[in-house]
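Here the chain labels run A, B, C and D in written order, and each chain numbers its own residues starting at 1.
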Amino acid sequence: MGLLDRLDNPYETGGIILGTLEDILNWGRSKSDWYLHFGLACCAIEFMSMNASHFDFMRFGIIPRATPRQADFIMITGTVTLKMAERIKVLWEQMAEPKYCISVGSCANSGGPYWQYGYHVLKGVDRIIPVHVYVPGCPPRPEAMEEGMMKLQSLIDRQAIFRKREKLAENENLIKSNKM
Amino acid sequence: METFNVFDVLLGNNFLSALISVVLPLVFLVIYALIAILGELKISAWIQERLGPMRTGPYGILQPLAEVIKLIQKEDIVPAGANKLLFNLAPYIIFAGSFAGFAVIPFTAAFVPAEINIGLFYVFAVGAFAVIGIVMGGWASNNKYSLLGAMRSASQMISYEIPGALVILSAAVLANTLDMQKITSLQEGGFWNWFLFGGPGGFSKIWILPFTLLLSLIYMIASLAETNRTPFDIPEGESELVAGYHTEYSGMKFAMFFFAEYSNMFIVAAILSIVFLGGWTSPFGSFMSGYWWGIFWFVSKAMFIVFIQIWLRWTLPRVRVDQLMYLGWKILLPFALVCFVIISLYRIIY
Amino acid sequence: MNTTEIFELLREKFKDAIIDLVDNPPSDSFINVVPEKLFDICLELRDNPEFDFDYLMCLSGVDFPTNLQVVYHLYSLNKKHKIVLKVTVPKENPKVPSVERIWRSADWHEREAYDLFGIIFEGHHNLIRILLPYDWEGYPLRKDYKEPETYHGMRVPY
Amino acid sequence: MTTRKILDIDFSRIDTDRMRLNVGPQHPSTHGVLRLEVELDGEVVTNVIPHIGYLHRCFEKIAENMNYQQVIPYVDRMDYISSMNNELPYVIAVEKLLGLKVPEKVEYIRVIMAELNRIANHQIAIATFGLDAGAFTPFLYLFRDREYILWIFEKATGGRLLFNYFWVGGLANDVYPTFKEDVLNIVKQVRKTNKDIEELLIYNKIFIDRTANIGVLPADVAINYGCSGPMLRGSGVPFDLRKAEPYSIYDRFDFEIPVGKGEVGTVGDCWDRNIVRMREIEQSCRIIEQAIAQMPDTGDVQSAIPKKVRPPKGEVYFRCENPKGELGFYIISDGKDKPYRVKGRAPSFVNLSVLPEISRGYLFADLIVILGSIDIVLGEIDR
């Protein structure tokens, strides 16, 4: 979505100047993502190895922050229990907008292996907070988490700030149908 | 070399020249902060056998820019229980305190924003401003971690100001002035004239040579503590106090803290390089010396010290708060005192 | 010392409080004791230098169709022998004396057994739920436990 | 501006000298989702109350509803850092109930895998302990090495972290042809990094100052609290289940039990617990080298796997030396193909309970170091 795409349709997308500004703002948000230093279970160990030298999460411009106020996205890495769920909700609410959520691993997506008899396991973190990207696996490989991160970046890159609401809805539909 | 402010000479001593003298350091500070943040990311990556940011521009060099753009867009949260006025004011006070220090830093023989004859004293005085901001921010956040961090930070910065000040006092005694430009001019003529090696003077300076070396080391340690860098980053020690006094800050206010930290790093590095490493003077006598070379020498000396600060951060573990106080009061302070006495004696004798 | 010898010695001292010794390999052999005397038996096992059971390996609750059981696995670091004690209590009002004051490791184990089975350990200084939230209802490891539909507005079943 | 309320405070009722600090469940150094309620007097810790259960995943309930074989993946997820070591006591316990004897080659591969995973676990433990003390770089060096070990696991089992490799009576599959060379190379690399870490972290003056004489755990307290593993050995008790009651084939190997001797401080302080882990890595290397030398090349690793696991009525408590301590499984069988009751005796669960005892009177910064030295995994504590 460079400048040239916008030239074709300058008025609907907010014009060249706004469009370019939007691109720059989106670029800043997608390239500089700080995540909340927060691990839950098994996936957190894979997440730790992702921060280590072999996979080096920082290549994407990602820096860990210990406090939710300064974080841009939260990675739910592991099983969310009912006791923990309320805390996660609080953490999510403490984060400053714009904020994103990546759900890593089967447990966070749907309860994973604990879906049937886990009386104390929340079957999917999307029951309490909105999730932008799901990463499957039990636990996902670090490469899978990187892919999830890149998906999130491309999602941010295509976010509409100045465009009309209809455009925005259309855009979201496109993202949902995974065509973009 | 003759010292003057180039803008005063060009434009006359009026408002315009003063404005330029303020804006230039600010521009410099912003550029420096961006470079230092990138340096922090990249140097830590090299130490740890990683690559660091790679996807923002070639080799990730635009990373700090992206961060600034992002931080501008972040929501600005004031916690419900916080004291709004103090909470909002704190980051600007900290930033103002550290930026005010730039007023007397001589970038080259031809440019110092404000040439006052008590420059060294002034830097120390406004440097203490940061403590007020930190305590304000920590207290106003209404968060226990912030409060603990702020209290630790205040005690640490105040304690380490004393050995730091003693070092500066010794240097002032040796130089017989508090004017930064004069101190720098004194050290002209090669690296053997630096105060690190006893300052200008004859063979007799061999007596104080070990003490000036020691003094610069003491200042290096004290400056690390004053800027809250590892191994003294106790106030924001991530493993203990989530993020210390800025736990509750988000968006641009946090960016202010961030900027202030890096600006403080530069201020202490600049003082060290001016007082002990000859500021803008060339280490090789008249070779490569001049007004333009002055900027190069000063900035590269200061940046080298910033590099050492970053290097230490990614190598050493963190000390504990009582050990930090022990180091400050029982080791650095007596040593600094002894050095001060000996240097004063030397001044009296020679 | 093997379990039979320990059983004989305990029988001499505590008479009827020691119910029986069950030994059918390859299963571990164990000694059934009455709950009322449990504390004294445990104290004897720890403090008598012949037994010297200074290490409580494991304390588990078990839910059998008719009653609840608490199983104590003891070990002696010096003598390198071990023993299994069992107490059986009824499902209604299951009360067992706490051995927390003998082995501090029993503290959390007993809280866990209380949390998951509802076994009440008398004399425990802080018998509250440990794993589940404090306002949880029911004892999940009992065989007849039904998981709740919602907890604090969150749906529990898949 | 809002009008200032006039507060009517009875100052005699305000408790001014203690502060309650809530550490976790989201805190950078609680190693997961542990929550500590800390009572502080200034910076001095006067009391710690651990609150656990934020990762209670109902392992024991699920185990009652699964086949004996199906429980193994859940066992993996208990202590997710050392899954191989978790599987070992479970499969041996079930084999004991069944009266099974596994082939020689299986025993050797199990020992090698378990010891490799012990190294990986201790590397994480030392790395995060250094991180708690503020040293970030050793963390990455150790993680780099751990990655090489994970590559072996990945080649052999297909999984990086959770393997489901040890089956009742055998293994999921045989190891790959160049397994032996790979393992020996890893051992070399591990030893090399150990030297670096000793210089960079263990004998660093600041690190010693931070960890020596901190969190002293006397031997009698450790035993009474049921501590095991490096916690117990750090207090100077040379107790290791691999020597005390050798299971599998550990009686065939020559290795030592490192204990804390109080080299830089008191016996049983944080530094001792850490150095025990450091030296256990070396001992594991020795075991691996011997096992590789003795391991038979041929043999079917699946020959003893029973078609149906249906143990007779009975019960068994079996324990192994997990990297974190004594991991025991108490299994009751009622003659069906599902266990009647599985209780996991998790070492971290018991080791953590000693935290309030050893952290009172130290500074808040020390509490974090003490917690790091216990080396807990919440998956195992909460199960």
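By our rule, a contact is a pair of C-beta atoms (placed from the backbone, for glycine too) under 8 Å apart; a residue touches a chain by one contact, two chains touch by 3 or more.
A quick note: this is a predicted structure, and the numbers were derived from the prediction, not measured.
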Quiz item: Out of curiosity, which chains are bumping into both chain B and chain C?
Solution: A, D
Self-check item: Computed distance of Cα centres, chain D from chain C, in Å
Solution: 25
Quiz item: Using mean CA coordinates as chain centres, what's the chain A-chain D distance in Å?
Solution: 32
Self-check item: Whole-Å separation of chain centres (CA-atom averages), chain A against chain B
Solution: 37
Self-check item: chain B and chain D: spacing of chain centres that average the CA atoms, whole Å
Solution: 44
Quiz prompt | Where chain C touches two or more other chains, by residue | solution = 131-133, 140, 145
Quiz item: Which parts of chain D, given as residue numbers and ranges, touch two or more other chains?
Solution: 27-28, 53, 56, 58, 61, 140, 144, 382
Quiz item: Out of chain A, which residues touch more than one other chain, so two or more?
Solution: 37, 53, 66, 83, 116, 119-120
Quiz prompt | Overall pattern in which the protein chains touch one another (line/ring/star/complete/other) | solution = other
Self-check item: Contact set on chain D toward chain B in their complex
Solution: 19, 21-22, 27-29, 43, 130-137, 140-141, 144, 200-201, 204, 206-207, 209-210, 363-366, 368
Self-check item: List of chain A residues in touch with chain D within their complex
Solution: 36-42, 44-46, 48-49, 52-54, 66, 68, 78-79, 81, 83-84, 87, 91, 113-114, 116-121, 138-139, 141
Practice problem: Going by the contact rule at the top, pick out the chain A residues touching chain B in the complex. | Solution: 24-25, 27-29, 31-33, 37, 53, 56, 58-61, 63, 65-67, 69-70, 72, 94, 96-98
Quiz item: What residues on chain B touch chain D, complex-wise?
Solution: 44, 47-50, 144-145, 148, 230-231, 233-234, 237-240, 242, 314-323
Quiz item: Which residues of chain B touch chain A in their complex?
Solution: 41, 45, 48-56, 60, 62-63, 65-70, 72-77, 238, 242-243, 246-251, 254
